[in-house]
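Below, chain A partners chain B and then partners chain C, in two separate complexes.
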Partner chain A sequence: MTEILRTGASGRTSLASLTGSGQGVLGILLVVLCLGISAAAPQFYSEANIIAILRQCALVLIVASGMTMLVIAAEVDLSVGASLAFVGCISMAVLNATGSLTLGVLAALAFASGVGLVNAIVVTLFRVNSLIGTIGTMMLLQGGVYLFTREAVQNHHQLASFTALGAGYAGPVPIPLILAVAIFAVCAVTLRFTTIGRYLYAVGANERAVRLSGIRSARLKLVAFVVTGLCVGVAGLILASLMNAGQPTAGRGFELTVIAAVILGGTSLSGGSGSLIGTLLGVLVLKVIDNGIIILGWNQDLQMVVPGVVIILATYFDLLRSRHHAR
Partner chain B sequence: MSFASDRLEGAPSVWRRLIARQEVAVLVCLLALLVFFSVSAENFLSTRNITNVLGQASLALIAGIGCAVVFISGEVDISIGSLLATVAVPLIVVMNDTNSLFLGISAALVVGLAVGMINGFLCAYVGLNSLIVTLGMMFVLRGGVYLYTGQRAIADEAGLDSFIALSDGRLFDVLPYSAVIAIVLLAAFAYVLRYRPFGRQVYAVGGNSEVARLAGYDVRRIKFACFVISSLLATCSGIILAARVGSAQHIAGLNFEFQVVAATVLGGVSLSGGIGSLGGMALGVLILQFLSNGLRSLDLPTEWQLVITGLIIIAAVSLDEVKRRRAHGD
Partner chain C sequence: MTSITKLLMASVAVLIATSAQAANMPKKIGYVTNYATHEWYQNVIKGMKAHAKELGIDIEVQDANLDIAKQVSAAEDFIAKGVDVLILTPVNEEGVVPLLRRAKAAKIPVVLEGNPVKGMTTLVAICDYDTGYNAGVEAGKYAKDKLGGVAKVMNVGLPLLSATVLRSKGFMDGIHTQIASATLVHDLDGGGNPDRALEVSAAALAKNADINIIYGINDSSALGGLQAWKAAGKSQDGLLTVGTGGEGLAFINAIEKEPSYRIEAAMFPEKEGFTAIDAAVKLFNGEAVPEHIVSPTAPILGDSWKAYYDYDGTTRTIKWAAVNALKPPAKCMQTSADLKK
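Up next, the complex of A and B:
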């Protein structure tokens, strides 16, 4: 908890632009949520529960890391949910056929980055609005996965290493969490400290200016789409491992959860601003709410209502704050 | 003031030509589709089949009007799919209680109106991003339906003839009533958008809200009205859907917003506002509906429909974009 807040704070001092993304509000919201839930249900702070929360965060955080880069570049990918299901089925089928973890992982990553590449081509080459273009690929993938398999691809290979991918621990830490932290760190460093990262902000803020100054904006967007695809590949593998099967129906609505987390984190859909720290806070807030609803014994259907309200409220507070700054 | 009105009068003549071309392209696509399926699929061109498709298309046509109006005003509304499921609950519950279709529909419209006013207030008056607000609303509404129904369908126990007629009845035994409603609404809103001051204001606000504001239009009130229109029309679709399935389904209208958005954009309504027409939107809806119907009569598995629909959306929008760039000489 405190660590997260501290990184948020140090980020603000190192980069003035980040003050515009409302992480303070989110940090306070997160603290209030944690205090409130733990006051009502002390078991909130048990080690098992914290690990459970972080494990659930992992899947969303992995894809949200890539999605943040994409949204900063003023694009969006709605096909991630459908792709997630497809990746699970393909990796499980390849694992069943070959019995080799390496080949299964490679197949998943290759397929998912291929989807990212197709999205990138549709958006940059055909100049299709990414919101519509990726609805198109979402339909393609949803139809495609049913053509590929009508029922779940069961785990016939029983590879221990594959099961460990989703359910395993390294010491006390779940392996999905390690993967998520690694991917998050790579994306965060790329966004903040590399030329590509800074260019992504520039492309999102003013693509025309970027093009006129000689930077290939299409190529940058392509990178963001493929990175998002790769993230989906990793998440798809973890999900398939957790469910011990490749489910063609998995990942319904996943794209909305991811986008909600990114937006909640203060990344602007019009591009050019936002940060991964914000996204991390967004994921944490959404998942702490989910967890709180469960351990308080509330109706689980509230897991849809409360995040909806939180998304709207967070944008409202963000607006108030930015108006205050403008004054 | 004179500058703004010059722009407004000057703009349509340029745009109208462009829009006309886009609609022609979409129309050619639709005709090609009809010719292809009438040759390859038996019974495709029968009156029965065509009117059936129109009946099925009515849901997306009615909600599509609202979607197009909101798009033209420069905003988006993706809460319509969840709203479809939401309004069915008061409709069915009140109807079961009172045995009155009128009261049921009133209850549904009140809920739809409230949702539209909340969306409109938050987006137009508070100034929040409409994609975020309606995304949040989508979660809230869907979750609310899940909470209320406990994820079970609420069956229509009143069984009113007038309610069943909404799905089964046909005008002169030919055209389903739902299609009649869609066509009437479409004509009315097309007239308003093109010839009434409000319609022109919507285009002005979407084209350039700053110029519209300087021209003395109440931009916020116009956008607010667009959100209310969108929610009320989605409510109409929700009522027809509830009549069709004879119950309030918690999963009703899942992904409906994506279909409508895709059809609207396919019909040449720009996401950036100010451009497009209801005729184009209607053609977009019909293309997707005839496509799915034709593929079904070719005995292709339903999955292929999704794949081909996805491809067509991408192809159509990219062609559109190429054309637009050529027109701009970009």
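Up next, the complex of A and C:
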């Protein structure tokens, strides 16, 4: 157990360890991408484009922060995209009915964390594999949102504070980015410097050992599922604000982008290892590729192809590196 | 002749006419849609049900939910039940060909909605190119009047589907009739959904924000483009947003609340459903029908949406008299076959 905790806590970032790790490779890849795209299209490093990229990163980073904790605990949540759409519809409906931002936000967070709780119960109590269980939740939510509303829930309240959530700025910085950084920082500190964070690594690495040492692994996983849900709640509010409507069709494929960023960032799907810095780099790489393809005027079909290739290569190189270290 | 006699004779005439009409009406129509969760199809179904009820026809609707196997099985169930006419919105144009053969063998006429299929009798659909073209003409006039005769377009398109490619092509061709120098600055794949449209539009605007017209192949795409514009902190002064479809409430909300959203290429899904029922009745009666029955579309400018719809804040109701008065073209200006040339 002590050994496991040491493994989890030993990720303190130094330049030397970073360059020798998957994160280092990812960092270099990010720099190369940015330099290459900038050389071909100088608009890439314009202020407007950097803000656009960071705003796009914000939504993914918020949910990926929670998802990283979950994947480290050796679980996964495929319902985040469907939940994102549902959250937008619910929050917009509550905002329309009450005209209160506080109630709208509370409704979004309560619903999304409720989804996280249900996922946790399915996985920890019913012992359903999280991959299968959360596919079930995803289908429930995708169908359920149409029972809730057949049409997009339009913005009838016109609250300026709600519009600012997605499209507003604090000085030159977009508000979604500030929220993303705050959530990322809380998750990073929790994962790195708190007992819960260390236990999450331990649960992912060897759940049986954790249980034998008297720690309730189910409760830790429940926390990770609910935190992921809360992150979806925040992201759903931002997306609804950005789109000025609760869209039942939103968020399709969002779960794959989030999980791709987490895996690309070096977090192992089998749990026990990974870091939020890696996830941040993963999000940036995926979004820079996405943005670069448009800036360069390439065929947009490549927006699916290129990240797919990058993920396969990154995972393969990470596997090679792991084998090398194991020798 | 006394007034009572006149009244009696008139009543008899009405009764004879009604019974004659009822005798020529199919009793039951089965409709297999491809994706009932989409607002477009919800309104197509609404139009079908309203018109079927008016004519005393029982209509049953099944949703294939984008699954061709499910569509085939639902249609086979309808054939087995002995519906009088079958209406299909094909999930897959190749996949429903055997179904048409089976329906023919069972002597059940089939009306297709939306997409053509080899071996079909008739198709009820809008003209996508014409829809975009007419909106483009209006956008050109608007740009001449309000935007200093300059037209720099960001097309939030969907290159995957020939229908949406035709809309975008029509829009640019239409705008060129008014402003020869109109340019297509960005030609984007917004995936037809609002979040993707928002994302790609944000990147495109960061690359080059020197545009003054946003065109979306559906309402979600137009609104995604507009939201990206707003998120970039830009004013809507000097901007025109043009949506396509008018399938739900989004365009009404946008016209009412977004100063730049001034043109909607409305496609009246309820009318498409209405027309499909009319076609079904004609086929049932053995009448000759054209291979493509065009359902009308029209560019709606600003508040003129109120001429076609009532809106109580939660639901919209079509004004049949106004929409039925629209004259569809006998033939589309361009079809998907023209894209292959």
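The rule we apply is simple: the second predicted complex is superposed on the first by the 302 of 327 C-alpha atoms of A that agree within 3 Å, B and C clash if a C-alpha of one lies under 4 Å from a C-alpha of the other, contacts with A are read in each partner's own complex, and residues count from 1 in each chain.
Everything that follows uses one rule, which is that a contact is a pair of C-beta atoms (placed from the backbone, for glycine too) under 8 Å apart; a residue touches a chain by one contact, two chains touch by 3 or more.
Only a predicted model underlies this, so the values are computations on that prediction, with no experimental measurement involved.
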| item | value |
| --- | --- |
| First, second, both or neither for A:136, with chain B first and chain C second | first |
| Partner chain in contact with A:146 - chain B first, chain C second, else both or neither | both |
| Chain B versus chain C as contact partner of A:122, first or second or both or neither | first |
| Touched partner set for A:290, first chain B, second chain C, both or neither | second |
| Touching partner for A:247 - first (chain B), second (chain C), both, neither | second |
| Touched partner set for A:39, first chain B, second chain C, both or neither | neither |
| First, second, both or neither for A:319, with chain B first and chain C second | first |
| Partner chain(s) touched by A:260 [first = chain B, second = chain C, both, neither] | first |
| Which superposed partner A:305 touches (first chain B, second chain C, both, neither) | first |
| Where chain A meets both chain C and chain B, residue numbers | 146, 301 |
| Chain A - residues contacting chain C, complex | 41, 43, 46, 48-49, 51-53, 55-56, 146, 150-152, 154-156, 158, 166-167, 169, 174, 239, 242-245, 247-252, 254, 290-291, 294-295, 300-301 |
| Interface residues, chain B side, partner chain A - complex | 122, 126-129, 131-133, 135-144, 146-147, 151, 258, 261-262, 265, 271, 301, 303-311, 313-314, 317-318, 321-322, 325 |
| Complex contacts: residues of chain A adjacent to chain B | 78, 122, 126-129, 131-133, 135-144, 146-147, 256, 259-260, 263, 269, 299, 301-312, 315-316, 319 |
| Sites on chain C touched by chain A in the complex | 37, 39, 42, 159, 188-189, 193-195, 198-200, 202-209, 220, 223-224, 227, 230-233, 248-250, 253, 257, 313 |
